[in-house]
Each structure stands twice: as structure tokens, then as C-alpha cells.
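Take a look at these structures.
In the two assemblies presented below, subunit A is common to both, partnered first by subunit B and then by subunit C.
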Partner chain A sequence: MKWFKRSASEQPSTLEEMVIDLKQSIDFVSYENKASEQPYRLIYFATLIDPEQLHRDVLPVIKDCKKKSLEELKGLIPIENIEISSKLPLIQERLLEGYVAIQLSRGSSALLVNISLRKSRDLSAPEIEFSVMGPKEGLIEDLNTNLNLIRRRIPHPRLRMKEITIGSITKTKVVVAFIEGVASEQNINTVMQRLEDLDFDVIMDSAFIGQMLEDNSKSVFPQMIDTERTDRITGHLNYGAFVVLTEGSSNALIGPINFGQLLVSFEDYYLGWNLASFFRVIRMVAILLSIIATPLYVAVLTYHYELFPSKLLATLISSRSDIPFAPVIEVLFLEVTIDLLREAGARMPSKVGQTLGIVGGIVIGTAAVEASLTSNILLILVALSALASFTTPVYRMTNTIRFLRYPLIVFAQLLGLIGVAFFGLFVLIHLLRLTSFGSPYLAPLYPPRVKDWYDSFFRMPYVMHNNRPQFFRGHNQKRFNDKKNHQKRMVDFDEQ
Partner chain B sequence: MEKDKQYSLLISPFLIMFVIHSNQIGVGILGFPRYIEAFAGNDSWIVVLITGTVFHVFIWMMYRILSEGNFDIVDLNNKWFGKWIGSILNCALMLYLLLGATVILRTFIEVIQAWMFPELATWIPAAIYLLLTYYVLAGGFRTVTGICFFGVIIPIWLAFTAASPAKLSSFSNLLPIMDHSLMDFVSGTKQMTLSFLGAEILLLAYPFIKKPKNSRIWAHMGVGLTTILYTMVMIVSLAFYSSGQLQQSIWSTLIAWKVVELPFVERFEYIGITFWCFVIFPNICLNIWGASRVGKKVLHIKQKYFVLILITIVFTVCILMTNRDQIDYLNTLASKIGFYFYYIYLPFIFLYSSIWRRVKKRI
Partner chain C sequence: MKYIISLIVLSLSLTGCVNEEIIDQIPILFIVGYDKGEEGKVKGTISLQTFDPNQEVDTQSFVAEAYTSKGLRNQLSGLPKPISIGKMAVILFGEDMAEEGIINMLDSFIRDPAAGRLTYVAVVEGSSGDLITNEFQYLQGIGPFLQNLLKQAVDHGNMPENNLHLFDYKYHGEGMDAIVPLLSQKESEVKISGLALLDDDKMVGKLNLDEMFMFALIQKSSKTGLYELALPDGNYANLQTIKSKVKYKVSNANTAPSVDIIVELNGNIVEYTGEELTKESKSEIAQTMEKKIEDNGLRMVKMFQELGIDPLAIGDHARSQTRNFNFSKWYDLYPNVPIMIDVKVNIGESGIID
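Take a look at the complex of A and B:
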């Protein structure tokens, strides 16, 4: 086998060696034209460049050029950022980015012109974080398009974007965006430092970076929000957060975050404050219910059935009378079934998935009850809690909630209600200790920062949003002058 | 003496309210009315108020003792009484805190065993609680304070359940007011002191407060909140039970919970005990935290390892206590030591510190 002529560590020492080396790929082109009036040579990867641009903007200029220097040529080609270099690593890097190297004579220096071809899909509405109201503009895999979307939403001179390249093989571009003077310098320094310290070979998606940036990588709780919504990015940037965007990923990462922000749907800001607050509270109740409903069923039916009034107990007993299993087996069976449906639904092609998911759910559910494998009360509980777990606006949080249920069921089986309380304590301590880029995870609840409460459990009217949350520890806390918005229309009732 | 602790590791002044309050409320509130009623009868609620007032004085004393510099009681003991006597005092303090943690943990496990799981082995909840304690302490004092905060916030709604027994009570039980002798009040107050123990954590937590001088009002509010809760429970217990009934109920508050009626819950005390897990936990954390702080400073052992030794000791003592008499004995012992701590040691170092400062000023 002679596929590899040299080991990866051996670097070519001259341009010619490099050309011979790269020629092993079929898409590499080194074209020499000696017949024309002006001899020249083009080196490029055919799969990376835009041939149209090459023919329209570059080749005619070379043909017309009667002078024999790269410097002159540089002035004539109507493309920006042209470099002349004789550094071999730089030339190779540029070639791999879609540049064409032009030489007028054999030698070491070359003219590098960027005619790279970028193919990406069109913008589309966010699919994971869908909302009925509000803008339907989602990020896509192309970094430049994403930056353009953000810059268009915040045409502010202090919106800074810092670039860093990560990944020894993928050479992925990562951009940290923040508003200078609003975001805390300490946070920016922390994230830049952590990004610089990253040493990894392939970065496929922003999720790679997200997991490596987290304060506590053992935690199941997300310490950054990944979002594809540009309005969410804008909102967080304005609060003083930073956003990490990755080439090739349609998700941006927001940090620092706190637990409360994971429960915020951006639609909350498009509804009236009272409605939004109501739905936010419903969401919190749903999440709590989703985690503890089935563990409570296990705890109460295994140990504390006398907790129920006799009428309710009679209903429960009659529905469970034919079931041969202990409550915990029954619950685990159904919970695993639901997770199975969810996993299968996520992997199946969308057209098959929908029908099969519904049919599977109904058929399995009804059949399980009819076959006396589960009680119908439990079926209601499990379906409700599965539904409730999807009310979380951040997808990663949904997974956390679904996961938390299982250890809780085990604890409920071992120690009943006390076990549930113990596991609750454990999660509470974990959340208390958790930080996101050094900011406490449970803020503004603990440490209590009453000033931040205008946008935590409830979303208060915009008049009260005149200060940025203290959570982000930025310098510029003031958002707007609240006096102007306070003017109230006078009616005869207010007269003195 | 670590004067400059990192600012980010300190707590806001008002959180000391939760620290003190959560350390005072423990397992005692589930059964204390019986003991007080034995002395002061229908005037027991006045005893609670008197004890509350006395503890406000104690808090005032503590702030006077700690007023100079940023020291805790361990540093001050060493400074005032020299290395040897100081260390003996500090070790005594450490043992007292450890005893406090053991008493509260074992008594609560007894409640669980008596009401929910008669067959449950003591070591299981003890081990879980102590492992969780280690997890909290490893997060630093801010995490301990967080647990205190949630230990007050999460179960606070249980206070409203007092309305249920109150509906079935006859408040004329409280009359006639003030028909007991002074001695009855004094012995009642002495007995009530056990329920108020816990405020002494301030002596150790003081250096962890940002702007500690501003925290005074919050410390008083913590004790005030405790007094209000105890008075409420006391009044409801006196009105709900007759004197003879109360004397026969070991866990009178738990029994009173039985009358709470919700559409889907019959025996409310199960829910009460479940939530009480959150009330008990800060007590254990704070006591072991305090003991480990003392151990760290006196014995120069890293807190990391010393906490492990402490929780092993607490665990061993807990599983050695097997019956009601032994637990009662521990409770009485803790109550006696606590009594001496507050009525002899605290006034003594209060006077000592005032004199010491005055003498120092003159020189």
C-alpha cells in the first residue's frame, strides 16, 4: 500500500515539493501556461474556488498584464485582501481556504487571491425554538451569514467580534461577540482564555465548544444556552452576555446564564407582561410536575397509600387491582416506553416519524392498560409529564428534565417521600454550587438580588426593565430613562 | 487569623437572618409545647415571648463581643485567655456543636422512624444526610448559607397549615393570663432555651459577613422570626389541646397536622415530615461547619479532612443511640450545655471583653 508517501509530520520544504505533495488529491490543480505572451502559473483546489470569479476577475487581468511583477498584478485585480507571500505554511493554509496562488515565474513567492466559493443553505425559520409570535429568523451553518444577522440587529459601533481558530484538523473559526461597555470584561477575558486553552482536533458543532467551556462538565444542567434565534442572541447581548458562534454550526452559545433563563421563552417578550408572566409560571409548574409526578406515584403507592383520602384510594386500587407488578416496575416500563418513542421519533424520517409516533403511543398505551401491565392513572401521569417536559424553551433543558426523573424514581422506591426529599436536597445543593462562568447558577433567587426579579419568575412591564440585570456584572447598568415611559393619561378621576 | 478572605466568598449582611433563624428552628418545634406547658400552663406563650426577648439581648451581647476587628470566637478565646485555656474552651465549643448536630439528626431520624418508616435502619438516613452535608460544606460557606436560605423559604408555607387546627381550637384555653408564679416563668424559660439554641453560630459566621456591622438588624430579625413562629405554634397548641392531652403527645405539632384537610391528601403529617427534611438539613450543616471551623483553627487540620472525621463521629454516635431514653438523654445534655453556654459563658465573656477593652484603652 503506497497511499501515503510521507508521514504527516514531514513538511514540504519548497513550493515545488508542496505541489507534488498536494497533487495526490484529484481536486488539486497546478496549471502552467507558458504559451501565452505572459507566462503564468495557477495553483488552487478546484473544489474550493469559484471558477466564475476566476475566469471573470483574475484570468483576464493576468492576460492583459504586460508587466512582469506580482506587485503590479496585485494592483490590477479587482478583489480585496490580496497578499504576496513566500511563506510556505501560509500559502498552504490559504490554498486550503479557497485562495488561488498566482506565480508569474518559477520561484518561492506567490500572489494569493481569495476567490473561495461558499455554499450554504438559505435562511429558515428556527425549528427547535419555534415561536408563534416574533421574528422567524434562525441561524444557519455559515458563520458570515450569522454574523451579518446579528450585526444587522445591533448596528452599534461597540458590538465587538473577536475571532479565534480552534481544532488542529478542522481549523474551525469561532467568534465571540459582545457589546463593549455592557458586558463585563472579566467574563470576556474568561471565555477568551478558555477558548485559547482549548486543544482539540475536530470541532463539528458549537456543542463541542459548549461542553468544553463549561465550569462543571460533570453536571447534567446546561451552563450555556444554545440558541438559533437571533432575537434571543440580541436580548442577551444587550443584557451583558457574550455569544460564541462557530463556523458550521447553526447554534450560538450564550453565557453566562442562570437557571431562570433556561425557562424563558422569547415569546414571553412579545406577549403582554401579565399574560407572559402567567405562562412563565405555568411553565415552571409544568417542569416541577414533569420531574416529580411519577416518582411521587411510586413513593405514595409503595409506602404511603394512607396519604390519600379513601375515595381517591378506591379509584386507585380499582385501577391497579389487576396489575401484577410493583408500582416501580410499572412506572419504569412506561417511562422507558415514552423515552423510546421520543428517541425513535427523533431518528425517524419526519414523514414516517409523525404517524408512527402517534400510532405507537396510542396503540402501546391502550394495549398496555388493556393487558393490565399499567394502570390508566399512571398512563395519564406519564403522558402528562412527558408533555410537560417539552414546555421548556431550551432543548437541552428538556433532556436534563427527562434524565432527572430516573434517579428520582429509584430514590422514591428506596425511601418513599423521604427519598424524594433527599434527592431534592441533592439537586438543590448541586444547583447552589454550580456556576456559569463564575456567576451563581441560581441567581437571582440565591444569592437574592431583588433588583433582578423584574424578569425572573414574572416578566414585569417594560417600564421596569430600565436597568440591566446585576447578574452579568457589567458596568453600564442603565438601559433607558424610565421617566419618559411613565406618563399616564389623565382622566377626570385624577383631577384635584 | 485570616483577615482578608476573598470578597466573593462572603455573604450579604441580610443572609445572616436566614442562618440564625434556620439554625434555631429544628426538630424541637415539632414537640416543644409539652415541655413548656408542664411549667407555665396556659401562660406558656408568654414564656416563649420572654425567651425570645432574652435571645435578642444575647444577640446584642454577641455583637458587642465581636465588635472589634473581623475575628470569630475562636480567635477571641485564644486572644483573651491564652493558648491553653483558649484551646480548651474552643474544643468544648466544638464538642458542643457536634453534640448539637448529633442530637438534631438522631431526633429527626426518630421522627421518621416513629411516623413513616418503623422498620427503617438508622444508618441509612444518617449516611445520606451526612454525605449531603459533606457535599454542602465542600462548596464553602456560601453554599451553607444557600441551604439555610432555602431551608427557610421552601417549607415556609407550612406555617399556614396552623389555620386548620386553629379552626377547631378554643382560644379561651389561654385565659386567665398571667396566673403563674415568677418561678414557673423562670423554669419555663430555662426549658424553652433548648428550642432557641442555634443563635451561637453567629459567633463563628461573623467574619464571613460583608460589612458585618450592618448585619445586626438582620440577626435580630432572624431571632424575631423564630419567636413569632414559636409563639404561633405555642398558642395554637394551647388552644387545640387540653392540658392533659398535650402532656400525652410527644410530637404535638405533628399530631395537630393530622387535622389538615386537602382534597387529595388525608394524612398531612407525611407531607409535613417530608418538608421538614429541608428544615433539619441547615442545622446539621451549620453545626458541623462550625465544629470544623473550630477544629481547623485549634487543631490545624485541613477542613477538608476534618469534616470527614466529624461526620464519622456523628454517624457513629447516631447509630449507637437505639432507644427513646438515650435520645432523650442526649437532648437533655445538649439543652443543659446550651443553657450554661448562654447564661454563664456568654455573659462572662461579654463582661470580660468590655473590661479587657477598657483596660487596653487606658494603657
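Take a look at the complex of A and C:
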């Protein structure tokens, strides 16, 4: 980084010096036209501007302009965001954003016109948080498009968006969106403060910011939800959360969150409340199963054979009678195999990945049982827990679950069920101490917030959603008049 | 960081404190039998199942002699250690052993945290070792088979509730005595032949299957299976799912006690050999049943009083109904306490064609 620092200290002092300095890049253009009636000079990065706009809107105006002042030119060019400046750092910054600097005579001041070219992909359906029901609109890498999507969903004057630039090299724009009067000022101040305090050079994705904003960066539990779903963003904004959007990232960060929200698939809101509640409970069971299924196998087979019913004992023993390894080796072998498959599947080109999944799953699994490396009961357990870990709607949580299993297997091997209980308590204590932007992580459960239970581990009917969750500590708790929703009137044809 | 490292090191040092018992490396016992051995020793017989990958079960039995229950384990040198009793289903005693007392052997099971409390304790007419070593054709092995046999007899048959826990409770409790199932062995099958009556831990008498049924009905409120009743006119009636409601009334327990056992039965007739099941024949069945239970019950109670045992826990009922109850006086009075049994039988359904 030495070269960078040195050149930073040798900042050019005049416009000419700057032009010479920037000329070292091939895409930098400083074009001087002295032959025409009106001499002018254009300075821009060819790779950043839209040439069509330059030729259509800017050059004809300059050519037709008989007067010799930037001020008058400013009034003639049909583009917004035009400024005149002689400040060198500002000019340089604007050039790097895709502005063109126009000079009519050699001097220090220039007319800065925004003709930057933005290229980004089209909108597409969310791939990570896919849902069968509900809108299929995902964020993309372009910040303005993302803001547009959110603003379109919440056409409310109080939806505020605050911008801040982070990254000494990437100069990434980060926007914090919230609904004023609904979100707690304290939370907004906290996140703005933390963003302002960030000192980092390259921000490539919102994940960078997310990791640096977290209260406890040593925790494996996500303290912000990253989402690409605009409906999830809207829902959380309405509850009083804030959303951090990053230029160049198709994931927005939502905070503060609690553990219950990690189990919320946004499809829950499109299903009936009873079905949705049932599926949330299923997801909770799945998480638990996914974490403790194989450690329990290790603990019970190694220390507590009494826990098996007599009839299952026969099946278990006969399935294990050929296997030369202790249960823990058997489990670790199969767990690592599954994680290898998962890791390989994620890195492979998609078409190869599919084949590999089938080959790996079926062939390796069957072969391992036939070669007496694992018992078929364990194969079922491992496959089940791998499957269960994917039921979590937030992808970062999936990884957490995947990770937690390994230390638990070790504890199960060391101390049996006591070890499993130890580790469970350890995780529980950690979760109790964890906060997300100062809000307790296990919130509606502990500290108990009974009023928030309508949308946490269950989702109750919408008529009961008349208050915003206390968890977000906003001022404006009332959402709607619930009495009106209770009257389901049938309008007769003779009634006006 | 120091804290975390020391935590990990400490937890690793704990690993020696737990005994590994990997499921396929230890012999798991389902059944053990104790008989009188030579020179005051105890002969212990166990049966072990081995499982092969084709899910076939093979049974092997081992015999050893020692002075104590745990001492037997040392003598079983043909078995890999540790011998685990966590899945013990049935503990058998030979009749000769049972007559001398079984608490010395059972004590080790009652103390051991690894042993279950729902284990069945049973007495075998003859030798328990012979029963275990006999190669019956039961698919799952003799241990699980007997467990299932006794469990079904309690749940759906005529056997009163019993297991190791209840034995322990009744052995240590005042004013009550334990009963255990009595098994007998015919060439190719094991049969329940009744109940063994215990005085503390010594077997002092037997009840046959008929008496066991009566005992189950009057001991406490319960549900029994099927009973075939002989009627005075030579016909037979079968009663099913008989529910009994039992009340013990003990008066003047400290001075001149008298006991009333009030039994209310509800049963269904499922089979009748007579011509037609009329109202009259139903009430006749009910009356015959009442009389039979009263007679048999009184005879049983008389026997209990003569033996000085209290399997109906009348002493316990007396205690619960009397202020400042005096047990030592009760024991003196018990053999001569007048006990009345009052039975009322209601016939409920008699089939769907009525």
C-alpha cells in the first residue's frame, strides 16, 4: 500500500497537474477543441460516461453556444445535476463518478455534467430466499434500482433514506432506510454512528458491513438478517427496523433482529395463520433435530444404550455389528462427507453440481454402508439432519447450524448426554447475552414480551397484528384499528 | 483466552470420569435367574442375545456361582466386561431360593442407578436356571418374551400390577407385603401359573390363576381381562373387561378393628352357553359372580391372616384412615381382624344383538 500513500501525499495542486496525473490511465480523455468557433475542452473517463448522452445533449449545446461563460452554458444543457466548481478534489471525485468536466478556457473552474453510464442486470426472482407464493422480486446490485423498489412499495413521505460513503478505495455508497416515527431513533443513531466510525478500504458486499456492524463479531449467530426480498424489507421497515443497502450488493441488511425472526419465511405471511404457525413450529423442530440428531447418536451409542427400546436395540446392534469404528468416528466420517458434498455442490458449475449431488448422495451413502463404514441408521440420521438444516429461511443461519453440530459431537463423545447438556447450556447462555444493536437476541421469549408473541414463534391472524412489536421500541405502536377488521359485513343487494 | 483454554483443558481432563459403553461391544442382559447353589452360594444364570448383520438373534446362556449378585459378574469370565444390566427385563428366582429370601439379590438392582425400575421380578416353580437355558422357540429370546408376557398379562389379563419398584415399595412399606408373578415351565412353553405370596422377601404361599383374578379385583380398583364363570345350572358365562371399584373401610383400627372391602364390578358378557341371555339369566350370572368373589375372597383373606402377610395392604389402608395409628398393635391384632367383603356386580353390555 506504500505506493498509494505516497501518491496520496503528492496530490496535484492544479487542474493541469491532475490531468497529467490521470492521463496515465488509457481510459482518461482530455480533449481540447481549439479549431471550432467556440474553443472548449472536455475532461472525462471514457469508461464511465455515456457517449450517446455526451453527443446528443452536451456537444451540440457547446457548439451552438456563442457566449463565452460557463454560467450560461449551465443553463442551456438539458441535464440536471450540473455544477460549476474550481475545487480540485471535488472535480476529481466527480470525474470518477462519471461526470464530464467542461472548460471553455484554460483555468481552474470547470462545468461538471453528470452523464455517467450505469450498467446493471435486470431484476430477477430471489434465488436464495425463494418462495412459491408471494412476489418474486429480488434486489439487484444497483443501489438506485433497489431504493426505487423499496420506495415503490412504501410510498410514504416518512420513509427516510440516509446516505453515507464508506471505503477509502471503493467509495461505496451505503443507504440506511427507515420509517421516521416508527423506527426507534436510538437504533437509527446507533447504526449511523457505527457506519460513520467504519474505516475500511474495500467494501465489496453488504456482508462486509454486516460483519463490522454486529454487536458481537465473535458470535456464530447472525445478528442482522441479509435478505434479497423486497417484501421482507417492507415488513421489517413497517415493524420499526432499519435496512442498510449497499451499492453493488444484492443483499440488504435488516436490524435489529431477534432469534425468532430467523425462523420466519416470508411465505408465512401469504399462508393462513394456522398453517404458517404450524410450519414455523416444524422449522423450530428441524433446527433442533439438525443440531442434535447425530450428537445424540454418538452419546447414546457410546454411553447410554439404556435409552433405546429393546426392539430397536436389536436393529441397531445388528446394523453396527460389522463396523470397526467407534460411533464418533463413524459420525464424523459421514458428517464430513455430507459437508464435502455440500461445499462441492456450492462451488461446482450448476449442471455438474446436480449430478454430483446424486452421485455423492446415493453412491457414497450406499457404498459406505455396504463397505461397513457406517450403519444405515446413521445414514438416515445424517441425511435427515442435513435436510433439516436447509429448512431455515435465512441462509446465514443454515451455516450456523451446520457449524454448531461439530463441537456438539465432540462434547457428546467426551461426556455423553451430560456433554450435550453442557454444550446446550453454553449456547443458551451465549444467546441470552447476545444482542443485536442493543436489543436482546432471545427477545420475545426472554425478556418475555408477551405482546410480541403474535408474530414470533407463531403467526396469529392479522386482526391481532394491530400493534407493532415492542421489540423495536418505536414510538408509534398502533398499526390499525382492529375493531374495524372484526366486522366482516355481508352487503345485501338492496343495501346502499 | 486463558480462561477458554483452561476450560477446554479441564473438560478434556474430565473424560476419564465417564465409562464408555459402546453398544455393540458390551453384553446386554435381558434376563437373569437365581437359584440355590452349593455351599450357600448362589447360582446365577444369564441369557445373552447376539445379533448378526442379518438381524438374526442367537441366544447363549451362561451359568456361574458366587456368594453375591455382583460377585457372579466376576465369575462370568467368558463374557466381555462390563456386563450391563440397564436393559434388564426380568429377574427370576427359583422356588427354593425364593423361600429363603430374595432381597440380598434384589438389593443390588434397587441400588444400581443403571438398572431400570420397571423390571419384572418373578418366581419360577422349579429352577430358574433350567427355564433360561431351555431352548425355547421364542424368536426374540426368552428375556424380552417374558417381559412381553408379563406386561400383557398386567395390561390386558388378570394379573395385578407388579414390578421391581412396587416390590421395593411394598417390601419397605409398613402394613403391606409384595406379590410377584409365579411362572412354570412345561416342555416347550413358559406359563404364568399364578402369584407368589411373599412375607417380606420370603415366599410363603401361592395363588393359582383363579385366585389371582379374584385378588386383582379386590386388591384395588383395576381392570382385568377375561373370566369364565361356572353357573349353578351347569352353564358357563364369559365375562370380559371387568372393571372393579374398590373401597376399603377400616373402623376402630387402634382398638378393635373391623374391615369392610366394598367392591363394585362392571363387566360385559361375551359368551354364554345357555339358550338365551335373558334378564333373569343376567341377574343370575351377576349373583353367582358376587357370591364366588365373596367366598373366594374371604378364603384368601383368611389364608393371608393365617400366614401373617398382608398383600392387600389392609394395614396401609388402616393407617391412612386412622389418626395416631399404632402399627405394632395392628400387627398383633391383624390375624383376628374380622374382614367382610361386599361385592356388587353390574352387567353392562352383552353383545350388539340385544
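By definition in this document, the second predicted complex is superposed on the first by the 479 of 496 C-alpha atoms of A that agree within 3 Å, B and C clash if a C-alpha of one lies under 4 Å from a C-alpha of the other, contacts with A are read in each partner's own complex, and residues count from 1 in each chain.
Here is the rule we use: a contact is a pair of C-beta atoms (placed from the backbone, for glycine too) under 8 Å apart; a residue touches a chain by one contact, two chains touch by 3 or more.
Here the structure is a predicted model, which is why all the values come from computation and not from measurement.
**Student:** Is A:Y446 contacted by the first partner subunit B, the second partner subunit C, both or neither?
**Tutor:** A:Y446 contacts subunit B only, not subunit C.
**Student:** A:L312 contacts which: subunit B (first), subunit C (second), both, neither?
**Tutor:** First partner only.
**Student:** On the A-aligned overlay, A:Y303 touches which partner chain: subunit B = first, subunit C = second, or both, or neither?
**Tutor:** both
**Student:** Once chain A of both complexes is superposed, is A:P327 in touch with subunit B (first), subunit C (second), both, or neither?
**Tutor:** Touch status of A:P327: second partner only.
**Student:** Output check: A:L432 vs subunit B and subunit C. Expected answer is one of first, second, both, neither. What do you get?
**Tutor:** In the superposition, A:L432 contacts subunit B only.
**Student:** Is A:I377 in contact with subunit B, with subunit C, with both, or with neither (first, second, both, neither)?
**Tutor:** Neither partner.
**Student:** Quick check on the superposed pair: does A:L415 touch subunit B, subunit C, both, or neither? Answer first, second, both or neither.
**Tutor:** In the superposition, A:L415 contacts both subunit B and subunit C.
**Student:** For subunit A, which residues lie in the overlap of the subunit B contacts and the subunit C contacts?
**Tutor:** On subunit A, the overlap between the subunit B and subunit C contacts is residues 303, 306, 308, 310, 415-416, 418, 422.
**Student:** Please give the residue numbers of subunit A that touch subunit B in the complex, ascending.
**Tutor:** On the subunit A side, the touching residues are 303-304, 306-310, 312, 415-418, 420-422, 424-426, 428-430, 432-433, 442, 446-448.
**Student:** Would you pull the subunit C residues touching subunit A in the complex into a rising list?
**Tutor:** Residues 11-12, 14-15, 18-24, 26, 28, 30, 49, 51-57, 84, 86-87, 89, 114, 116, 140, 144, 147.
**Student:** Across the complex, what residues on subunit B touch subunit A?
**Tutor:** Of all residues in subunit B, those touching subunit A are 11-12, 15, 112, 116-117, 120, 124-125, 128-129, 132, 135-136, 138-139, 142-143, 146-147, 149-150, 263-267, 270-271, 273-275, 277-278, 281.
**Student:** Mind listing the subunit A positions that touch subunit C in their complex?
**Tutor:** Within the complex, subunit A touches subunit C at residues 300-303, 305-306, 308, 310-311, 313-323, 326-327, 411, 414-416, 418, 422.
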